[in-house]
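To start, the structure itself, in structure tokens.
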């Protein structure tokens, strides 16, 4: 049993509150990713679980046992750091065994654990080298190996891939996924990169300014974000937000006018209470949810500025032209040798492929 | 540089300008360097001349062969070899103790938050520019009268350990190391004193070397405190022993110069061999 | 924040103990002693005994005057020289850099006693190499140690020789921390090398120059060994007597601890004033 439970966890630095009461239940064996922009409190939260930061208020339990006053070393966790934190003056082997040697673990057992870790990570041939003789990816493996050697109940990762180049990052991402399946232990992973979060996590915790915005499976966050922040943060390129005004309601639908698009109207069926007429709202449309003219519920006429051709798809950066205020949109099109500059572009959006948010950013369902 | 090769006119004038500047630079710096080396050179020359050579009207600028005679003349005036023995032992012990004490303190200040930290930092670094002269009298009264430690090794070694340069330097060094290294060890259950001993100190080796050299030099050359506290013959350090001879009328100047060379030459060798650490140690004084 | 009092103080304790006994307490004690009459046992509290004597003591004012005179002349000369040394040693055009560095930095390792002895011998009236060299180019000998002005000059030359390289090391480290691209940008803007020195190097180096100046002032203020050994206990006739020497004489020859402490605290007062000037000079512009 190594579930991790956070109950009303608060972190203050002096008078500043960094984390405002976090409640998270992580199941045994689950892979949970904390994601959010820098300064959102995700690393602080992780360091509190690790025992490297005090908990100002609330409770953290690991494996059913409250660990608020338990030393980092006795929490049954292992941590992989952003900078890898390898001891530069020790060989790989010494790096792996350092903690065990220093805490009086029997020698034979230490050797067994180091051997096992080196096999899992395929670093056996690097054992006599020092960190500076390793590539970034190799260092990363050793850092993970040092965590494996502890045979922890919970692995903690603090932005472990942010120092790697793009290609290696993808490779290590797969590696970490494989490791999770192999070891089957709980992993808590912090990143600012939503792609990493989407690809690795069983569940994602989205944090913003010390608040938990939403907790959910990757595709749930993508399909059904709780608010504008999550909608904007999950998905790449970002969701487009179109300014709108509620101009009318009929039974269980709101009729909104896209104020920057020559007053085009969209009828959005809703299940909750309907918004007040005259209120400002925002319509969110993902780049991949624009359709050809006439295919959706309403058409938008845009001016294309720039097109990025990625091969399989193209992203067209367009603006709303003179149809009100100027609004910038990103639209995914099938790969075409679209000539972009100043072309007119008519696209269509669908009510069931768009989201509605009120002025505070809360979702209107 | 000639203009044989087909290069443009501006390139020629530029390299000529560089050459001109280079010549001017060396024409200015070479005499200055010779002037600066002159006292050291003369120290060596004097140390190899008999006294009647030093006090002759001739200009002598080259070494002679009388060094060993001068050393034995010196040894007749004062037990200089013994004094050097004291100086070496004191400097080695002092350096070791000071490096340990100040790097422990620097570590505490760099790594931990604790009650009174602000005050400790303020007091240590706020008093760092006070002149040493201020504490001289109470230190002397305490060590000589209250502790009755005059003319002992303890008196030479322990009081100068207050020097806070090392605390400043090591605090700076430790806080520049990535703290994740220490967090990693902590998560692994390594005790703090072991983290200090087996992670922090090995990583700080170049800084420790710089600090040790500066402290050794300070102790080796220290004059005023040993002069006051260990003035008994047989308890004197080498600089004090040599200082007692200067100004006496019946004294061998060749011997004094031989002593000066014996004090200086080892340090010059160390300086040449470890110049990088030396320079780092001195320059670190400027990093606040 | 996590407080780790026990661990932290275990690391700090040995140093703090020594620091308190041999530095902190003496600073306070020295202040207290300066208010006591210490000529007779038991000492008694007499607030004006030493300080009153100090403000009427011609020997004190002579020492103060000499110390300030050395400060005012020697420190600026030495710092300027150190800046020149540092800038030229940093020049990419310089050949045999190691030799030049050795020449200028070597005095840093020479002990006060050793170099005092050498300077004393070099400036000897009849047999000193300096006078011999002066004679050889047709100049008369200078009686360095029996007149005040040349004696002062010898002291200043000796101190400058010993410490210019030390300051140059610090300044050179400062120079090397100035990013190269600042100069490249200036060169592209057609700013001459000389103007680069005055408008880029000096302003960027200012905090370090001020630091060196303060360090040198506080060091020179305590000047002791050179007038003690080179000019024979502050001779001629007290002409090179410094505050450091007066303190030594009063404290350890006359064993007049109270008066010596008052002299020491005068030096401390000067040091504090100079440190405040440093803080003011290097404050961040608003």
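Chains here go by letter, A, B and C, matching the order in which they are written, and residues are numbered from 1 within each.
By definition in this document, contacts are C-beta pairs under 8 Å (C-beta built on N, C-alpha and C of every residue); 3 or more make two chains touch, one makes a residue touch a chain.
Computed from a prediction, not measured in an experiment: that's the story for all the values here.
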Central chain of the complex, centres being mean CA coordinates: B
Centroid-based (C-alpha) most distant chain relative to chain A: C
Centroid spacing, where centroids are CA-atom means, of chain A and chain C in whole angstrom: 59
Rounded Å distance, chain A centre to chain B centre (Cα mean): 55
Length of the line joining the C-alpha centres of chain B and chain C, rounded to whole Å: 16
Multi-chain contact residues (two or more partners), chain B: none
Residues of chain C touching at least two other chains: 1-2
Sequence positions of chain A contacting 2 or more other chains: none
Sites on chain A touched by chain B in the complex: 50-52, 71-74, 77-79, 81-83, 85, 87-89, 98-100, 102-103, 146, 150
Complex contact set, residues of chain B against chain A: 178, 180-181, 183-191, 194, 198-199, 202-203
Chain C-facing residues of chain B, complex: 18, 21-22, 25-26, 28-29, 32-34, 36-37, 39-40, 42-43, 46, 54-59, 61, 100-102, 104-105, 107-109, 111-115, 117, 120, 123-124, 127, 129-142, 158-162, 164, 167, 192-193, 196, 217, 220-221, 223-224, 228, 239-240, 242-243, 246-247, 253, 256-257, 259-261, 263-264, 267-268, 270-272, 275, 278-279, 282-283, 285-286, 288
Chain B-facing residues of chain C, complex: 1-5, 7-12, 14-16, 18-19, 21-27, 29-30, 33, 85, 88, 91, 93-95, 99-122, 126-127, 129, 132-133, 136, 161, 165-166, 169-170, 172-174, 193, 208, 211-212, 214-215, 218, 221-222, 224-225, 229, 232, 243-244, 247-248, 251-252, 257, 260-261, 264-265, 267-268, 271-272, 275
